[in-house]
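Quick one: this structure, given as structure tokens, is what I'll be asking you about.
Order of writing sets the labels: A, B, C, D, E, F, G and H. Residues in every chain begin at 1.
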Amino acid sequence: VNADSLQEILARVAAGDLVPDDAFGMLRDLPFADIGSARIDHHREIRVGVPEVVFGQGKTADEIVDVVSELRRKSPGCLVTRLSEEKAALVAPKVDGWDYDPRSQTAICGEVKREMGTETVVVASAGTSDEPVVSEALRTLQFLGLRSEVVRDVGVAGLPRLLDVRPTLDRATIVIVVAGMEGALATAVAGLVAAPVVAVPTSVGYGASFEGLAALLAMLSSCAPGVSVVNIDNGFGAAVVAAKMLNAVRRGD
Amino acid sequence: VNADSLQEILARVAAGDLVPDDAFGMLRDLPFADIGSARIDHHREIRVGVPEVVFGQGKTADEIVDVVSELRRKSPGCLVTRLSEEKAALVAPKVDGWDYDPRSQTAICGEVKREMGTETVVVASAGTSDEPVVSEALRTLQFLGLRSEVVRDVGVAGLPRLLDVRPTLDRATIVIVVAGMEGALATAVAGLVAAPVVAVPTSVGYGASFEGLAALLAMLSSCAPGVSVVNIDNGFGAAVVAAKMLNAVRRGD
Amino acid sequence: VNADSLQEILARVAAGDLVPDDAFGMLRDLPFADIGSARIDHHREIRVGVPEVVFGQGKTADEIVDVVSELRRKSPGCLVTRLSEEKAALVAPKVDGWDYDPRSQTAICGEVKREMGTETVVVASAGTSDEPVVSEALRTLQFLGLRSEVVRDVGVAGLPRLLDVRPTLDRATIVIVVAGMEGALATAVAGLVAAPVVAVPTSVGYGASFEGLAALLAMLSSCAPGVSVVNIDNGFGAAVVAAKMLNAVRRGD
Amino acid sequence: VNADSLQEILARVAAGDLVPDDAFGMLRDLPFADIGSARIDHHREIRVGVPEVVFGQGKTADEIVDVVSELRRKSPGCLVTRLSEEKAALVAPKVDGWDYDPRSQTAICGEVKREMGTETVVVASAGTSDEPVVSEALRTLQFLGLRSEVVRDVGVAGLPRLLDVRPTLDRATIVIVVAGMEGALATAVAGLVAAPVVAVPTSVGYGASFEGLAALLAMLSSCAPGVSVVNIDNGFGAAVVAAKMLNAVRRGD
Amino acid sequence: VNADSLQEILARVAAGDLVPDDAFGMLRDLPFADIGSARIDHHREIRVGVPEVVFGQGKTADEIVDVVSELRRKSPGCLVTRLSEEKAALVAPKVDGWDYDPRSQTAICGEVKREMGTETVVVASAGTSDEPVVSEALRTLQFLGLRSEVVRDVGVAGLPRLLDVRPTLDRATIVIVVAGMEGALATAVAGLVAAPVVAVPTSVGYGASFEGLAALLAMLSSCAPGVSVVNIDNGFGAAVVAAKMLNAVRRGD
Amino acid sequence: VNADSLQEILARVAAGDLVPDDAFGMLRDLPFADIGSARIDHHREIRVGVPEVVFGQGKTADEIVDVVSELRRKSPGCLVTRLSEEKAALVAPKVDGWDYDPRSQTAICGEVKREMGTETVVVASAGTSDEPVVSEALRTLQFLGLRSEVVRDVGVAGLPRLLDVRPTLDRATIVIVVAGMEGALATAVAGLVAAPVVAVPTSVGYGASFEGLAALLAMLSSCAPGVSVVNIDNGFGAAVVAAKMLNAVRRGD
Amino acid sequence: VNADSLQEILARVAAGDLVPDDAFGMLRDLPFADIGSARIDHHREIRVGVPEVVFGQGKTADEIVDVVSELRRKSPGCLVTRLSEEKAALVAPKVDGWDYDPRSQTAICGEVKREMGTETVVVASAGTSDEPVVSEALRTLQFLGLRSEVVRDVGVAGLPRLLDVRPTLDRATIVIVVAGMEGALATAVAGLVAAPVVAVPTSVGYGASFEGLAALLAMLSSCAPGVSVVNIDNGFGAAVVAAKMLNAVRRGD
Amino acid sequence: VNADSLQEILARVAAGDLVPDDAFGMLRDLPFADIGSARIDHHREIRVGVPEVVFGQGKTADEIVDVVSELRRKSPGCLVTRLSEEKAALVAPKVDGWDYDPRSQTAICGEVKREMGTETVVVASAGTSDEPVVSEALRTLQFLGLRSEVVRDVGVAGLPRLLDVRPTLDRATIVIVVAGMEGALATAVAGLVAAPVVAVPTSVGYGASFEGLAALLAMLSSCAPGVSVVNIDNGFGAAVVAAKMLNAVRRGD
């Protein structure tokens, strides 16, 4: 409902093509549906470029069924994140086209978007313990129709391993770096490649890692410019940042 | 020095086109100069897409003169950030083409890059007290040859002001959101527009703002996906992230 | 036992209408009952405008039965908060008029207060995961005889959803905003409506949300004046603040 | 611009009483003025019940002059907070009706609102070192036309002093409690009186007070319900909360 | 082994009353026994006035049996703290005179010390949820032979309840104040009575209480001098401080 | 105004020995004087065993003059703490018997209390940088009439230095341990002597000392029972705790 | 792949002794194996002096089997740390030479290194609750072929116990100090012996110990120089630091 | 004063070769001198391998003169750290052989130790802003007679710079890594070389670096084993750790 469409609607009212009540409805009919416990934002994709995604944590299985069903009414597929295996088992029988992945704690329900373009998002992880976050990012990229590659276990403690995957990193349009403990991988990658780095600190580690705080602060303080950071363990968020970046590119064409 | 060029160099050595010592030099001649107190990374732009920039804080005026002079030997312009007025006054007489801006605490020395393409970075700030950070971002964008627009004082406390600038935000390829206090502007913008949001928390505020910590945590915890965050008051870093994103686009063409 | 009543009692003693021992008893008989493990404050409602409420966490089921029974001796109803389902099941058979609600972890025992006046407390929540806190607030408002409305899932990530419920918000005498993650909803609401905003940060979120700390700091640092904040997840406390505000009004009539 | 006025405007357009362009202007003409560095929100008072106030910190003297001048164009008086004596001295000659108070670091420029009604806001402070915050609250209350009383130095370390002022506290419609160190005064007052307590932690104290953090956490954790909290040292914010509460009452009449 | 006894031993060696090897043994035979996993400090009571106490947390049931048995070899009774019910059940059959109390998580094994003198330690708690800590303090006082009284549920939210128990507080030689949430009780008591206050913050509360941090900081920042603080939930430690104080008195007689 | 005196007053009223108004005055006449900016608590010494002391920080020189003058009206001497040299110079000409000590930032005005009894408070410090806190404690002890000894620079990094002063420590009725950095001295002393240890963390150190936080947490977590802790740099508070302990002893005689 | 070997390879290519493709392979064949979920760094021991060790936490049992099998292909033994008993039971049947120790949560698989030299690493712990960390350090020392001694339960609260083991400490080439709570043992040992101290804070304690933070900060702030610190509970890391120190010595011979 | 010498002294007493008083003196004469404000530990070098060093911060110029003079009485040289230029200028005229270096804030007074052996400590820094800490480390190494090399500005943001200095790092017996911001250099170096890494986080950076906290936590959480950490900005401490390590080696020969 931007200025242009508002002017057009008013012009149609003035011209008698539209009665005031209908115009009011058009302006008023905001693109969401109120299902009691939630308001489904059907127009989010139009507005911000990515569809609404269901955050599973803190919702009951019934609430998830309701939200997913409403979303499916208007779009071919939807994504649920932070969904435990227990809850997923309760939801599965009640929705069609359910595909749950326990490692990433995500469910894709229905179709994913068609992969478009040649840009590649490379997901690079420091260690195998970061895999749950890596897989959340990969599943989200898949759902959003982005091409991806992954390089695992290339933490800075073994620089040769990192240098070895440099050709893959060089191919990346965007690099998502997933690392816990001291999170140094984000800085090292940002110093090696031209692609922007979206850094995801993970809660891997113990003691002074403080559940991902060490990696988070380190990534924010990176001496290599060109790094931006999302929340701890937020593989989903990093994938959405990547999608918005690539959308920005494509829109610009 | 990636795998392809390494193979090519080796092939030329095998063919006798290149003597081993010269080959060693080519491989060995790393793209920086050691000036004692610093190692100037002349090839950084080739490698990571943005030129090396001088971080003025904690360096003496003499050290800054040395680094700037070395950088200028090989490139037409350079940028100095976090430079106090006192130190800038000491450096100014010793380098050519010095342009210091006290609000942003930056100096541009020599030429800025030529503005290319039609993509626009919109910098949106919550309040006028965020201006030093806004200007650091704008100066960096200017130095890197990026087109920018700015909308100031559109904090969420006055939503109508924000909604009013929505057409500008809608034009953005990337939005840099600069906000202190509770930093809610990043979430609000990310919920309105399709462009990726690079959020810069600022140290504006007092008490429970804890020098920008409140805004930082809030931006990282944003309920609107597509937000990535740089360090507190790091307008420079946000601009570099934007540049790397747009470079990624252009490379992809 | 304020100055006036003290003077009156002394006057009655001087007049021989009251023997010293009785007067001592009146002064001394503080309005609570000592039941060993707790001191029931029967006069709290007279003194501070809201009845004593039982904080269930950290008490055994037996202690809760004792406190509730003593409270019921002098008042028609009482409220228990932070009561787990397990403990509630142990208490239920031992008290009359027990009404337990698992979502809000509250029990109302006996009668609630009669709804008075026309003022309305609107409870607005950012997401469906905030529901336990929302329901604690609503149950407390019900117990205290306050009229309430609720709007759910209107977080700032989807501004149109928030703007859509503005008529409801405009009707509010007081708004209780319940939000986790970055807590931006409090600022947005305070910038839209004239009613005072009582903000409740919730522990919804993960990573840099730090169990509600991000939302708490953000709400305290709000750039919109007129926001005051209660403890994380403290829906009960927000409802009591609202009740005290409305009581203040009514007393003033 | 709520739903009702929107319908009315649309009806007038349909009736031909209003041409579309004018209607667009009415809807579009958001109630602020863009003066470059700031957007003055002239309609804030209509929207949220309190006028826009100038936050002096982080603004240059010139910016303050610009903002104050613009605000004075449309309203009889304005308030500037967090204004140092040095900056105030630079602003004073350039605006009319300037009244600066160094203790509270506030300036009132032009008229204050006429005191209305009989409700009283009592400001109670724990110690004399809290005076800067107390005076910021009192000046804001004066500017907003609220009747106030103040009781100073009634910290919990000397309970008899607190009990002595109980009659004043009992008269309060709202109590603003200002306390640093351990902030226990908020709890004590909330346990004594029926009025809602708006608590302001102050940065008075040292060591483990952590610049007001101890008082802030204590006030948020108060065992006495009915306490809500604003930012550390935010006397202004507490006064605005009080004003919004009383406005809510008056609107309700 | 202080200077005096050292001189005496040397004199006896010089006089031929003591052969060097025996003297060495006397000096060398430090007053503890090495049982492999622990070193039992049999002379601790002589040295520091309180017997060694077993910290049960993090020890296996077998280790506790070993330590208790060794301690019992030389002293009539011993105390075990932080001992879960599960572990206590495993230890019970293997030691004589076992008296376990689940509320305080303590076991007394053998005799307690004979109560001496007329001094009284009053333990005052803010709420019934503080009871586990209260009982740990009371059990320790009992074990150490100190006379105690207890007043429960006298938190500052209900000042009349506190004022009511003032006669008991006035009788105290030392007051141990046990309080969670905002911990204001320590300040209030220290402002009322002449006895020193040993404050024990408890982890009672939620959210911004941060597991006792709010009470801890508040007690350390108390505006009432004469308060000293022990660790969160450390009822045992407070009782030992009280014992050392009273020992100091008695030694001084 | 305890129960006994209340009964006596009431009895005298009933007997006609006291007219109600006078009785009211006796009860009502709380032992403080309101001088506008402060309420002087003349009866504090009677009530809590130590006289009211003036906290100089955050008060103007004029306010300090007012408070000191009022205190001197009823008592022979008073103590001012946290008083900078600049402010002290402004106060000095306006009060009699002024004795300012810049190291401890304290002023004693008038007489100190007569030293009584044979108990000794030993103040032990870890390093010479702790001296300002040591001297604040010593000056307070002097003002309160307590006998003291001091041992400096006996930090745990040089255990022989600590063992060397053990005879002095053994003579102590109470030991005040003053230490910054890692604060280990408190634990070491508590493990050596029978006297209770009042620990004062200091802000000496840098980096991970976090202005005294490391020492504070370490002292609270001490593995040696019998340690209680006051605020960072709070030498005054430790001395008052010692005084209250010794008063408790003497009262008990 | 250092400069010398690079020159040699190039010389061989130039001499025709090596065809370019083979040379590329030699340079390219980085010393690790990619097994999908992990990259095994077979050459780590050559490069950094200690073999790669498997961090068990956050890996599935299958992943551990894969990594261990790959490591065993090229080396006689390997170490797994942070491995729960449950997971260990799943791995055990699938690998040869499995030796799991539940106290230290480590498994040694295959041979340990032969003990060399006469240097001794002494592990000193403050209390028996530190045993899991002690045993992780001892198992790692054993695996790395280092001679070790251990002294337990010598915390600073009982200085005589510490002084008693001084002969053992004096024999140490390196001392690993393991301590929780206030961590004072590190400082005390560093002040007594010439050997470097590697300090391991443990999460033993409660309340203000904050899961090892108190000990960590205290150790970092130690007033005794010569202390360096590893992560909380990181017995493994301390052992590796010791091994690298002794390797440095041996290399130097 | 270990067990052996104690036995020897006792034997001499028994043999009549030593009168008890003299023996007492020998045992009692602890190796320090009490100069009032400080206790000089002359035997520290014998005991712990490094001489006592003067920590200048928080001491007056006079106190520094006293301590230095006392130290010089018994040893040829001494080191003062954390000494500001202002204070150094006051001390300089009063002591002989004064050599002050403003960058490192250190003074060497008298002779440094003779360089021994062939081991080399390499100090590697991430950026030129770390220079003050680097120079404190280098001056301390010089004072302690250790051979050193330095490589500056090799932060991970430019990996080629780091790889370029690998030959120097490979020569190191010990590497001291000095880095602020995200501190990734420590991990990268530990993954490249066999020498133990002593990591010094610096307070270089801003915002989420939190005065060195980000680098500190990152270094403690390093995924590369063999890293131990000293306090923020503690170049002195790192040098002493290195000295103790090398002493350990030399003793072992």
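What we mean here is this: a residue touches a chain if its C-beta (ideal position, glycine included) is under 8 Å from a C-beta of that chain, and two chains touch if they have at least 3 such contacts.
Note that this is a predicted model, so its numbers are computed, not measured.
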Intersection of the contact lists for chain C and chain E: D, F
Far-end chain from chain A, centres as C-alpha averages: F
Listed pair (C-E, C-F or F-G) duplicating the B-G contact set, over half by residue number: C-F
Type of chain C:chain D copy interface by residue overlap (half), same or different: same
Inter-centroid spacing, chain H versus chain G (mean Cα positions, whole Å): 25
Centre distance in Å when chain E and chain G are each reduced to the mean of their C-alpha atoms: 38
Chain D and chain G, separation of their C-alpha mean positions in angstrom: 58
Per-residue multi-chain contacts in chain D, two or more chains: 3, 47, 127, 158, 163, 190-192, 207-209, 216, 220-221, 224-225, 231-232
All pairs of touching chains, each written as two labels joined by a dash: A-B, A-C, A-D, A-G, A-H, B-C, B-D, B-G, B-H, C-D, C-E, C-F, D-E, D-F, E-F, E-G, E-H, F-G, F-H, G-H
Sites on chain E touched by chain H in the complex: 3, 6-7, 10-11, 13-14, 16, 19-20, 23-24, 27-28
Complex contacts: residues of chain B adjacent to chain D: 127-131, 152-154, 158, 160-161, 163-164, 204, 206-209
Chain H-touching residues of chain B, taken from the complex the two chains share: 30-32, 36-39, 41, 43-44, 47, 55, 57-59, 63, 67, 82, 201, 203, 211-212, 216, 231-234
Touching residues (chain side chain F, partner chain E) in the complex: 2-3, 47-50, 53, 117-119, 166-167, 170, 173-174, 190-198, 216, 220-221, 224-232, 236-238, 240-241, 243-245, 247-249, 251-252
Touch list for chain C against partner chain B, complex: 126-127, 155-159, 163, 181-184, 187-188, 190-192, 205, 207-210, 213-225
